[in-house]
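Reading through the structure tokens given below for one structure.
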Amino acid sequence: SFSMPKIAVVQAGSRLYDTPATLSLLENYTQDAAKNGADLVLFPEAFVGGYPKGLDFGVVLGLRSDEGRSEYARYFNGAITAEGEESKRMAKIAQENNIWIVTGVVEKEGSTLYCSVFFYSSLGKLEAVHRKLLPTALERVVWGQGDGSTMPVIDSPVGKIGTAICWENYMPLYRVTLYSKGVEVYLAPTVDSRDEWLPTMQTIALEGRCFVVSSCQFLRARDFPDDHALRSKHTDDEVLIRGGSCAVNPLGKVLLTPDFTKEGMFYVDLDLSIIPKARFDLDPVGHYSRPDVFQLRVNEDKKSTVVFEK
Amino acid sequence: SFSMPKIAVVQAGSRLYDTPATLSLLENYTQDAAKNGADLVLFPEAFVGGYPKGLDFGVVLGLRSDEGRSEYARYFNGAITAEGEESKRMAKIAQENNIWIVTGVVEKEGSTLYCSVFFYSSLGKLEAVHRKLLPTALERVVWGQGDGSTMPVIDSPVGKIGTAICWENYMPLYRVTLYSKGVEVYLAPTVDSRDEWLPTMQTIALEGRCFVVSSCQFLRARDFPDDHALRSKHTDDEVLIRGGSCAVNPLGKVLLTPDFTKEGMFYVDLDLSIIPKARFDLDPVGHYSRPDVFQLRVNEDKKSTVVFEK
Amino acid sequence: SFSMPKIAVVQAGSRLYDTPATLSLLENYTQDAAKNGADLVLFPEAFVGGYPKGLDFGVVLGLRSDEGRSEYARYFNGAITAEGEESKRMAKIAQENNIWIVTGVVEKEGSTLYCSVFFYSSLGKLEAVHRKLLPTALERVVWGQGDGSTMPVIDSPVGKIGTAICWENYMPLYRVTLYSKGVEVYLAPTVDSRDEWLPTMQTIALEGRCFVVSSCQFLRARDFPDDHALRSKHTDDEVLIRGGSCAVNPLGKVLLTPDFTKEGMFYVDLDLSIIPKARFDLDPVGHYSRPDVFQLRVNEDKKSTVVFEK
Amino acid sequence: SFSMPKIAVVQAGSRLYDTPATLSLLENYTQDAAKNGADLVLFPEAFVGGYPKGLDFGVVLGLRSDEGRSEYARYFNGAITAEGEESKRMAKIAQENNIWIVTGVVEKEGSTLYCSVFFYSSLGKLEAVHRKLLPTALERVVWGQGDGSTMPVIDSPVGKIGTAICWENYMPLYRVTLYSKGVEVYLAPTVDSRDEWLPTMQTIALEGRCFVVSSCQFLRARDFPDDHALRSKHTDDEVLIRGGSCAVNPLGKVLLTPDFTKEGMFYVDLDLSIIPKARFDLDPVGHYSRPDVFQLRVNEDKKSTVVFEK
Amino acid sequence: SFSMPKIAVVQAGSRLYDTPATLSLLENYTQDAAKNGADLVLFPEAFVGGYPKGLDFGVVLGLRSDEGRSEYARYFNGAITAEGEESKRMAKIAQENNIWIVTGVVEKEGSTLYCSVFFYSSLGKLEAVHRKLLPTALERVVWGQGDGSTMPVIDSPVGKIGTAICWENYMPLYRVTLYSKGVEVYLAPTVDSRDEWLPTMQTIALEGRCFVVSSCQFLRARDFPDDHALRSKHTDDEVLIRGGSCAVNPLGKVLLTPDFTKEGMFYVDLDLSIIPKARFDLDPVGHYSRPDVFQLRVNEDKKSTVVFEK
Amino acid sequence: SFSMPKIAVVQAGSRLYDTPATLSLLENYTQDAAKNGADLVLFPEAFVGGYPKGLDFGVVLGLRSDEGRSEYARYFNGAITAEGEESKRMAKIAQENNIWIVTGVVEKEGSTLYCSVFFYSSLGKLEAVHRKLLPTALERVVWGQGDGSTMPVIDSPVGKIGTAICWENYMPLYRVTLYSKGVEVYLAPTVDSRDEWLPTMQTIALEGRCFVVSSCQFLRARDFPDDHALRSKHTDDEVLIRGGSCAVNPLGKVLLTPDFTKEGMFYVDLDLSIIPKARFDLDPVGHYSRPDVFQLRVNEDKKSTVVFEK
């Protein structure tokens, strides 16, 4: 009684500072994925809005620069909202191609940016949003922190899906939260292209007894605008993020091996019937847990600085 | 002012790996029990979902096998949930026959199985669930542990009922918990068919000053599917669990003597008026206890690895 | 590396109101037991001091009689103290015969009587005392309640021994306390000669995974003094307590079957090597317990109405 | 500023085994008391539920009889609960007659009986319950022991009231507990009709510097049902409990002298202004105590064999 | 095995301010008692040293007078010490007459007086001392408070004896302390000659299940020196303390009825065999206590204002 | 200011059922490790006591066999206690060689076995014990569950050390507990020799920013006794557990690559100065956590079925 769904994994970079172009790219990949029978297409972290790798936004300890502020303003302008036109366009692309789209986006709310993942169903609806809980290092200068209210695990044609972005995958308590919500297909959009990424994905699959599918950007210097200061430091073909998208089954077997050489789209078939077999000897929130010793309290409140009481 | 209720005690085996067939069997017994005036029909441990006695699920120390995982997946598929269709069917059978059904089931929640007892009232409602607290020996490999939140004692037409499954009957602190909740008719679904079972039931009746009614499976090799590997090891009529259902009154007198020869259904009439007489000289949680010396703390929390706070 | 010790189980009645005669009887049995190679001889409940079965001590609801008070005074006079001459005599008997003696006694402290068990080692020392925690029915009129300070489990040549007297055996929380202290040979002196006693002993052996050895009085009317009022109600040979001493191994197998026909002494050999095997699948205070759900608090204080602090 | 309240003291027996009839009797006395201006009406020990004086419930040492168990079951059936219909009826009688009712009852909780006192206010509410801490002699066979959680001293129109039942009056540490809670009017329902009762009441008044009001049953053989076995042993008019209700002021002066000849109701007026005068030279928990030498520790925990923690 | 000892109870007044004369009186009574076969002779409170009833020692609130100071100095001079000549004389009287003497004395230590009881054995030894713990009313102006180090219960030819002086008998925690130490013959020297004294003594006997023997002064105005100011207020024969010595058995029966008319000496025979009979249904520190609810802590330290540490 | 300590990693199997021989093996390896300058020698899971891989202890669903019980008894006999002779011998070996020993042991307490790790310091002291929290699959039949009281992280010459045994490494909440206690060198004794083990170790190092050192058994069929039933199923040289010991630094770099071909001992040097560098961008219990969203509650109570309060 188990189905055999297919996921398309996109390994590509944004068109930096050009969100319409990025969305066209997203549409192209989505159309191809749909043609090839995928039920869901996964894009990397910050795909919409971009991950301008290598910038410092003019910050040193104790100082910011005018140039850095301008850089940020430009970056801010390329970000999107859940309700905006760009989001509606993506919803429509999903509907037109009868496929789910899960993509990294740079989201803005008020004056703060978030590194988010948007989940669009094939009904053309934004089903869920996750905001990265902990930006890493300099990311903390451009992105805010998500809160406990955006940690969805939802039903989809490929099973119950949830997501952890880049180094959120090194947050064991967040992972346990996803396990506890029943994640079957754990989506990991990232820009981390180290060799150690695959072992990490394997371990999460083994620990959570779920499929893990990771999509990483493949970013070249030429994805920056021609006039961008960074261009002068690199040749056009220089690779800034080298990919490494991968997939692993619930017993730790690698289904999609990283390819660090090119942009592209890969397909993974998921035999969901393996899940109960894999949880026979390890169910991280069931028989293989010790709630009498360890109990994780998760606060899912929407955290707002000001609360108005009527 | 005491009534004289009747319990039907089913001594039968599941149709292994065929839950619909087992439910039909359950319906047949229930109809007969109702026709014969029973107020409640009791089925053995794991009756729905089955107790595939003699299997090892491919586990030896340090190893699991693919065959064992597949066996487990097959077993997992036959398990039911409290809210699922199978449970609704049983609730309807109870309602249609105007009788209570108390039955052992293999319950699944998430990816973990539990050895449970479901209590259906004649109103067609699942009134209560108990999950076995301590699986024995190899059971620990296929079943998780229940927690303190599913230890019901509830009113029924046959008096206050509670349950202890198989070797839970050797957990004195759990028994005291049931006494403390006022159990009058202690139901003991089991697959233990040793000679020592009857003395154990007598002693619990004497200690708790309650009726004890035990229903044991009568399982033959042919209750496995024809294609099951175990079939080749046995003749069809070989008995794997030989029954031994029994009932005892609160002064330790045997009301239903074990019959180890056949599948069947037996009836027990309960003269509840004997309970206060029996507790005249022994009330295990009242005048015959020493709370100044011994005090049992019972934690009834629902133990969850993750607790969401909103 | 396990030894094979032997216990002698005495099934005899006291010489009522004649403690010196009872001690002589105890000495005779002890000598025989020692000659036959026993390591420990077990006497029944209240053997020293007596269990004048059938008396009512002149109490009805709301009244006591002078005759009842005198009967009680006579009974009080036959009771002994831990430090008194009778106790020293028993210690000496144990030493002279190089055997342990465990015997029920009626103990007095101040003006209250207790139904106790005294443990004498072959070194001629009173090693431990247990006082019955809960007298049953009319016993409550002649005996006080022990407290948590006299619940010993001690090393002996037959393994770790502890005791529960008569219906204390129906106190599950006391039994768990003995298991927790590591009892290996559970001694159950009694005056209960019902048919249900053997099943109770079997169940305790199964639950505690220990040997259970029970010694019951065999009391005839002629054990009362000739001049006692009760003598006129009975023929001399009328049996007031019919025995039923028994022994069971940790898997519930009966080692000594009750004989309800005569006074006598029986022998039981204990193969202690069976204990770890029996606890393989059930260790009531180890792997087969759920301390996260059930935790028993035991107060071992010596409870004294007045505490002197100097 | 002291008021002069009036207490009605009932000297009557229960209609044994006929709780509705006893409640009607209670209602009649209450109506009369209210008409005569009493603020509180006091009934004897075990008035509701009865004190079947002279019964032995078939217990002798080592034996219970079927007849005794049936007698107990009959007695059990006549007992009441704090929340039951009988209690509601008494609350309503108090409210309708605008009077406080303090009465002895045989209370049941679970399968154990207690000898209790229920306090109903004129608001029609059960304000407090006290359970006898130490049943005497054969009472120990039919009643359990109360614990430290039911030792109320509460405000009432006749001053601060508390109670000690029958021989609880010989528990000096309980009395000191009541003094310590500020008892002004010490209510002593009883079935003790010895000559020594009045001196005891005087001494408590002197020691506690409080009013003591004692209500004793006046029970005749005909208060048993016609078919009761005890009836054949007595003439109808034979007096089983002869009364002796009395009252004493805080200086030991007798306000109501015992009348051992008849059923009836007596009135006592309380001049509360005498209390501080009496405590001028003796305040048992104030200036006339030596807490540096004697300190009484009182444990008011509700002692429960099982404690549920959720 | 119980003996039948005899106590002589002296009802006489001191020769006030003339200790040698009082000691002669004491010797006379002792000789008579011994001749009449008494084992112990009991004198009233403050017999040696005197109870100058009716004096105010010149104290009003906020003021003392010179006359009062002088009165106190005179009183102080008549007091004795445990080691002094007067005490040695009494020890010798006891030895010479082969009798125990228990007498009230006014004891001095340093500059403080205590109302004490001295126990002399027939061996001519001061065996024990008790100092009154709580002087009453104006006594607090002339006597200090004893501490927990002088609360003896000791063996004697009349059984275990202890003492409570005058209104110490209204200190329930002190009485319980004496019960706990095993008092069998409770000696109550007093100067309280109210009617309520006998009921108090009866109640203590009933509560403690012990013999109570009380000796009260019979003091006339002429017992003051001729020159004493008080003499002018009274006729010589006016009775200032009227006696009322009495004795009660452990079931509350009066053995010696008060005689309020004269000085004299009375005899009481004690049938100690009644004690266990009486404690059959009430042992205040054994089976009739609730140490789980009430626990009395007694501090027996010798309380010294300055403690020297070596 | 960081030192460069050395760890010796033993890859060897026990001499099954021969604990003295295993201890000699342990001593040999320890001597070699010390000679080669190691500060700490790490042995695999269950090294002392053994991991009899491939056994089923005679358990199938619903049945245990006599042979299985005997096998268990044999296994039980080879287990050790923290205070026993074997433990003292290991402590002495550590002291004599001036080295720390951390080793897997099969520990017994009462009648239950635990899979533990014992930490011996070079002072010859057993410094800490960890008991496996969750046995896997068939292990649940032979080992009990540890509780929260044995989760040490302690100082040692190689830094702060803690341990997780075998699949405990897949318990994220336990790992977070160790991180929270400050583990620097995370020791992972195991019998898991799958290919996926190394990625798991890498991921833990990356997540916890600590060194991870894992020691796996290398077990051959001939490590079973000659007479063991399992011997007939294998050739002597057949490998049952193939090793795979490894070590990883806090940035995920492999320091010791698994060798699956032979028994042996390997050395790892730890440059502890890398730890703060590695935690610059990821501190799992510091700046890289979200306690406002995720809070882990850890219960470190010693869980005991019975708690004695004195």
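Think of it as A, B, C, D, E and F in the order they're written, each chain with its own count starting at 1.
Following the convention adopted for this analysis, a contact is a pair of C-beta atoms (placed from the backbone, for glycine too) under 8 Å apart; a residue touches a chain by one contact, two chains touch by 3 or more.
Protein names from UniProt, one per chain: A, B, C, D, E, F = CN hydrolase domain-containing protein.
All figures in this text were calculated on a predicted structure; none of them were measured in a lab.
Undergrad: Could you work out how many touching-chain steps separate chain E from chain F at minimum?
TA: Steps on the shortest route: 2.
Undergrad: Would the interface of chain C with chain E count as same or different, where same needs over half of all numbers used to appear in both copies?
TA: different
Undergrad: Taking each chain's centre as the mean of its Cα atoms, which chain lies farthest from chain E?
TA: A
Undergrad: To the nearest 5 degrees, please report the angle of the rotation taking chain C's Cα atoms onto chain F.
TA: 75
Undergrad: Roughly how far is chain B from chain F, centre to centre by C-alpha average, rounded to an integer in Å?
TA: 39
Undergrad: Roughly how many whole angstrom separate the Cα centroids of chain A and chain D?
TA: Once rounded, the distance between the two centres reads 75 Å.
Undergrad: Could you give the separation in Å between the centres of chain B and chain C, each centre being the mean of its C-alpha atoms?
TA: Result: the chain centres lie 37 Å from each other.
Undergrad: Send over the residues of chain D in touch with two or more other chains.
TA: 57, 59, 64, 137, 141-142, 145, 147, 173, 303, 305, in rising order.
Undergrad: List the residues on chain C that touch chain F in their complex, please.
TA: 1, 176-177, 180, 182, 209, 273, 275-281, 283-287, 289, 291-292, 294-301
Undergrad: Which stretch or stretches of chain E touch chain D in the complex?
TA: 133-134, 136-137, 145, 147-148, 167, 170-177, 194, 196, 198-200, 202-204, 206-207, 252, 281-282, 284, 288-290, 292-299, 303
Undergrad: Mind pulling up the chain B residues that touch chain F in the complex?
TA: Answer in residue numbers: 51-57, 59-64, 137-142, 173, 191, 240-241, 305.
Undergrad: Report the residues of chain D in contact with chain B in the complex, numbered from low to high.
TA: It is residues 57, 59, 64, 68-70, 72-73, 76-77, 109-112, 141-145, 147, 303-310 of chain D that touch chain B.
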